[in-house]
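Before anything else, here's the structure in question.
Chain nomenclature is as follows: A, B, C and D, assigned in order of appearance, with residue numbering initiated at 1 for each chain independently.
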Amino acid sequence: MVYRRLGNSGLHVSALGLGGWLTFGGQVENDTTLACMKQAYDCGINFFDTAESYAGGQSEIAMGQVIKKLGWKRNDIVISTKLNWGGANGEVLVNNHGLSRKHIIEGLRASLNRLDLEYVDIIYAHRPDRLTPMEEVVRAFNHVIEIKGWAMYWGTSEWSADEIVEACGIAKQLGLVGPVVEQPFYNLLSRKKVEGEFQRLYSRFGLGLTTFSPLKFGLLSGKYNDSPDAPPAGSRFAKGDDKFVNYMRDNYGNKAWQDDIEKVRKLKVVADKVGIPQSELALAWCLKNPNVSSVITGASKPEQVVENVKALQSIDKLTPEIMAEIDAIVGGVELDPARQD
Amino acid sequence: MVYRRLGNSGLHVSALGLGGWLTFGGQVENDTTLACMKQAYDCGINFFDTAESYAGGQSEIAMGQVIKKLGWKRNDIVISTKLNWGGANGEVLVNNHGLSRKHIIEGLRASLNRLDLEYVDIIYAHRPDRLTPMEEVVRAFNHVIEIKGWAMYWGTSEWSADEIVEACGIAKQLGLVGPVVEQPFYNLLSRKKVEGEFQRLYSRFGLGLTTFSPLKFGLLSGKYNDSPDAPPAGSRFAKGDDKFVNYMRDNYGNKAWQDDIEKVRKLKVVADKVGIPQSELALAWCLKNPNVSSVITGASKPEQVVENVKALQSIDKLTPEIMAEIDAIVGGVELDPARQD
Amino acid sequence: MVYRRLGNSGLHVSALGLGGWLTFGGQVENDTTLACMKQAYDCGINFFDTAESYAGGQSEIAMGQVIKKLGWKRNDIVISTKLNWGGANGEVLVNNHGLSRKHIIEGLRASLNRLDLEYVDIIYAHRPDRLTPMEEVVRAFNHVIEIKGWAMYWGTSEWSADEIVEACGIAKQLGLVGPVVEQPFYNLLSRKKVEGEFQRLYSRFGLGLTTFSPLKFGLLSGKYNDSPDAPPAGSRFAKGDDKFVNYMRDNYGNKAWQDDIEKVRKLKVVADKVGIPQSELALAWCLKNPNVSSVITGASKPEQVVENVKALQSIDKLTPEIMAEIDAIVGGVELDPARQD
Amino acid sequence: MVYRRLGNSGLHVSALGLGGWLTFGGQVENDTTLACMKQAYDCGINFFDTAESYAGGQSEIAMGQVIKKLGWKRNDIVISTKLNWGGANGEVLVNNHGLSRKHIIEGLRASLNRLDLEYVDIIYAHRPDRLTPMEEVVRAFNHVIEIKGWAMYWGTSEWSADEIVEACGIAKQLGLVGPVVEQPFYNLLSRKKVEGEFQRLYSRFGLGLTTFSPLKFGLLSGKYNDSPDAPPAGSRFAKGDDKFVNYMRDNYGNKAWQDDIEKVRKLKVVADKVGIPQSELALAWCLKNPNVSSVITGASKPEQVVENVKALQSIDKLTPEIMAEIDAIVGGVELDPARQD
């Protein structure tokens, strides 16, 4: 396993992380959760990611039980969870979502109860909350870190560049800590935010990235290449009722979807040339980006974890020439010329 | 129920709140307190307000017992209490009132003990304390919020505009949090402070309002319209010995009182035209003000809560024309021409 | 002459000042301006007040010429002018009024040109400007004081208490100087702002006051006592076309006016008892207030100056008993009991 | 003419401004510059915009000469210039561009010499400079404003949202002033930055906008509708050698160009329905955006100025229905759902 610093911070995370979205506490049985997490740990993965809203809080519970059962040392693992964007326990009360001081404090306490941990390593703002003043958000995350001791670091997820910079500026002004990491959607088909909008954030603010959806919900594995119009029976999009899954299914076969599939088919040629599966190409490509601290992967069986980890060996196979071929297929991110100095 | 942000903060409160003044722990039995609070909760009210001085501390005790008994989740309700302006436990020791650091810390701890809660959501300075330096006040409220974790936000009650602005300025200067809400006396017969003196505070300082006495101690319900000289037997003013009640009884029938009754009689015509009871008109009128986060209502029986909540349906009935008629009766608030831009 | 500190500052102003409103450069000839100013100076008055908008800039020009002609030493006099509330030169261009940084810098430069002075001692914001952020206002006044050297101190005129406190707070936060003085309308018939709204500002912020209109446009001299319905021929209200004069004339004889005249008539009895003219009583009463640094008086002939100065001798004649009689007539200012500790 | 505040600042600019790009000191003779500026002034335009790099510094010289010749009062006009992005005088020395402290101070001094003015009202950073630390940039702009008195306000041009927020945050932290205005490219065919990326900046940071290219270099006037493949003889794109003109000519007739022309043709139908020329529709549409302080227009003859000003009358003709039709043609800007609250 390769370990990378979480942005400019002192924390090291495995370059591949394991995420509990959709699966732990939800689509997979608890035994499977245990098997996947154990496999990940045995492969050297130390970073496990969940959220208050994953499977209505069950993901945190399942993950916490596995940690207990396997008797992992607390200092050997990096655990993160996230607040906002769907409440825990399937219920969205007036004040148990968003990023108010009240929810950050109450929500993290509830997450820790579910995880049965004293603290997490990273607490994320799962989505921005435009109604709450940024100063309130920054202060509340500092409170749970500095006074309560419930987290080591805080980060953001799916925030805009200017929101992250605002949070960093306010933290600086108030002598507090800003977010050290952002968790964006990032893959071969969705590069713009990470490589374009965020371009200044890495060196100027020391921002780290823990990216999710490296396969864009499976698209980049190539498994939908031959069923362009409707999800194949048994696939995640066929049965799920998660809001993201529903969104994907509803858009299955539309114009944007077909444009994506077109690119994925072309990427197959590149993957074959490199001599690796498509999904490995997609993962390795994410890992190639030096601003990425960890690529969060999902797994519904232990073998998938092993497959995912292979991508680490393929990073070097992505030579400048191969990267150029990939850019030609998926489109590179043009940087504003006014700033390319 | 409608929920509004508490000023510019991230906290959401129900547009109608339930207050424990005079009643809970005092004029009404504990069973009634429970019945009223349950009814309020069932109507969607999430904001419950009390104070260390209400019924000499008994209001906090009664409210805390109901919360326990009904098994409410802490993240589902917003609880506020207040310090200063009459001590708790019926005793006013040298240092157990005012806004000294000593009383803010000791007083809030005692309130939490009575409420049997770990923290309140909002802690108010019940009245200003002109003898204590504002910096001491601001620092002490920040201490109980940031270090002790005994409150989420702090506010003021019956402060002047310049006092609120001073507190905000000192907080800014010291990198601390200022008050996010003021709790003023506000109703159809007392508009000047909220609409005049405070006019700049909403947009410049993001101040929220939780207002009290929407019926001006019952006057605006019209129930004193026919007994202009002495309180009707059985009314609150006939029997109470609270200082406010005494004040009202002592002024019953004087010039200011009769001027008010005159207006209330005229408002009856408007209420009849709109087709709602006078008290509903009075409540809806307060709710119509977009700077009001929550109108705190009292109730000595559950049916009153249900009555009060009806006002939410009547907000839209207060058309610009009706509002103009009301202004003609009670008098609009003239804004200083130098600032009417 | 008595000299008082300008609030908490180190500057001393004569307890009576001479103002150039309506008269200098306008209603009176330049010779008269010179005569009045000379008389004032000879009486020990060192504080001369004008504004960019008085007589469309002519007041500043006239005052500057007199200073030159009489060869006064710069360090022997205190000169103030004001920006905003009507442009200079009779014209109101888009940006040559208000309190934008542009107008504060350009406007003060133009005032200094008209006054033919290198600097004024006090530059006032003649009225608040709600459209310009307070931080911009505070910074611009500091710029003309600290960097340009065009003024020694800055003040406000007819601002609300919370606006003054906001300016002081921002100045503190930014390490800049706040306003040291407010110039309000203050007289026996208009006490509320100075004694009520401003009550906390004197000790907490060291605010000084230079008050204007001690006779409420002549009303308190008693000269309108016998012509309640229309201004006597030849009086200022009969002929003027200044906006304030027009306002007064338009309200001549209305309800508020007659209420005032009623009080003035009763005050005559008090003045007679004390044995001084009504106008002297009115002036002395203003001077009696220890928070008043200087009472700005007008004069359209030198003798008036001499009359005005006599009031200094009458301050001590206003015994507690006389002051109580006056309160009984004009109404005292009730302080909020919650803050009378 | 309509005047709007420059963002949250106290400065007022005419809703239409006149820019000196390409024309003044360059493509048009000096007599024409004078005629255009006079016409603009007579129409009530008070905002005149130039840059050190326009026509290699000749634009500033020409504009300065006109101001002198027409004898405009300094407080009656708002003059802006810009630093960085191409040096003045046709030469790009190592240090006479960029946003180093050295160039901001030396460059602005040189601009003032060319303009023959003591100060400008707004100094813009014409483009970001990614090599210079933001703190150096913020400090240098504050130096020329606060210490040198060479400008009243500073702004940015074509910066990203996160760069603007970083500058604001650093200014706040250091007690300095941040940028009050951004000058972006904005028109019916290029909405994304102003309406999407910048969406949070208006209310959170009080940012104003002075937009350029309301007709996208003439495209939106419809004059290229009938010559899709090559610029019509005599048009700006046929003869110019400015870098922007070259860029446009090189892309004439390509895919993006033709997509634009397609939309412009459809917009003609809307313009006809409203009963105004296409260019007037394009201008009025920019003016309709309440976050736009001023739309900078170009003119190579006085009649064009008169034409442009007509757009002010057409703002109200853009009813919600018409705006919806326009959106359907050019595409609305989707706001990130996570932030649409």
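Some points to look at:
The rule is simple: contacts are C-beta pairs under 8 Å (C-beta built on N, C-alpha and C of every residue); 3 or more make two chains touch, one makes a residue touch a chain.
Note that this is a predicted model, so its numbers are computed, not measured.
Within the contact network of the assembly, the step distance from chain A to chain C comes to 2.
Among the remaining chains, the Cα-based centre furthest from that of chain B is the centre of D. Different-residue interface: chain C and chain D share under half of the residue numbers found at their contact. The centroid of the Cα atoms in chain B and the matching centroid in chain C are 40 Å apart.
Here the CA centre of chain B is 50 Å from the CA centre of chain D. Inter-chain centre distance (chain C to chain D, centres taken as mean C-alpha positions): 45 Å. Contacts with at least two other chains are made by no residue of chain D. Annotation, chain-chain contacts: A-B, A-D, B-C, C-D (touch as defined at the top). Interface residues of chain B facing chain C in the complex, by the touch rule stated above, are 85, 127-131, 134, 158, 160-166, 168-170, 172-173, 197, 200-201, 204, 336, 338-339, 341. Residue ranges on chain C touching chain D, taken from their complex, read 93-96, 98-103, 105-107, 110, 129, 131-133, 136-137, 139, 143, 147-148, 173-175. Here chain B touches chain A in the complex through residues 3, 5, 8-12, 14, 46, 73-76, 78, 121, 146-147, 149, 152-153, 175, 177, 206, going by the rule given at the top.
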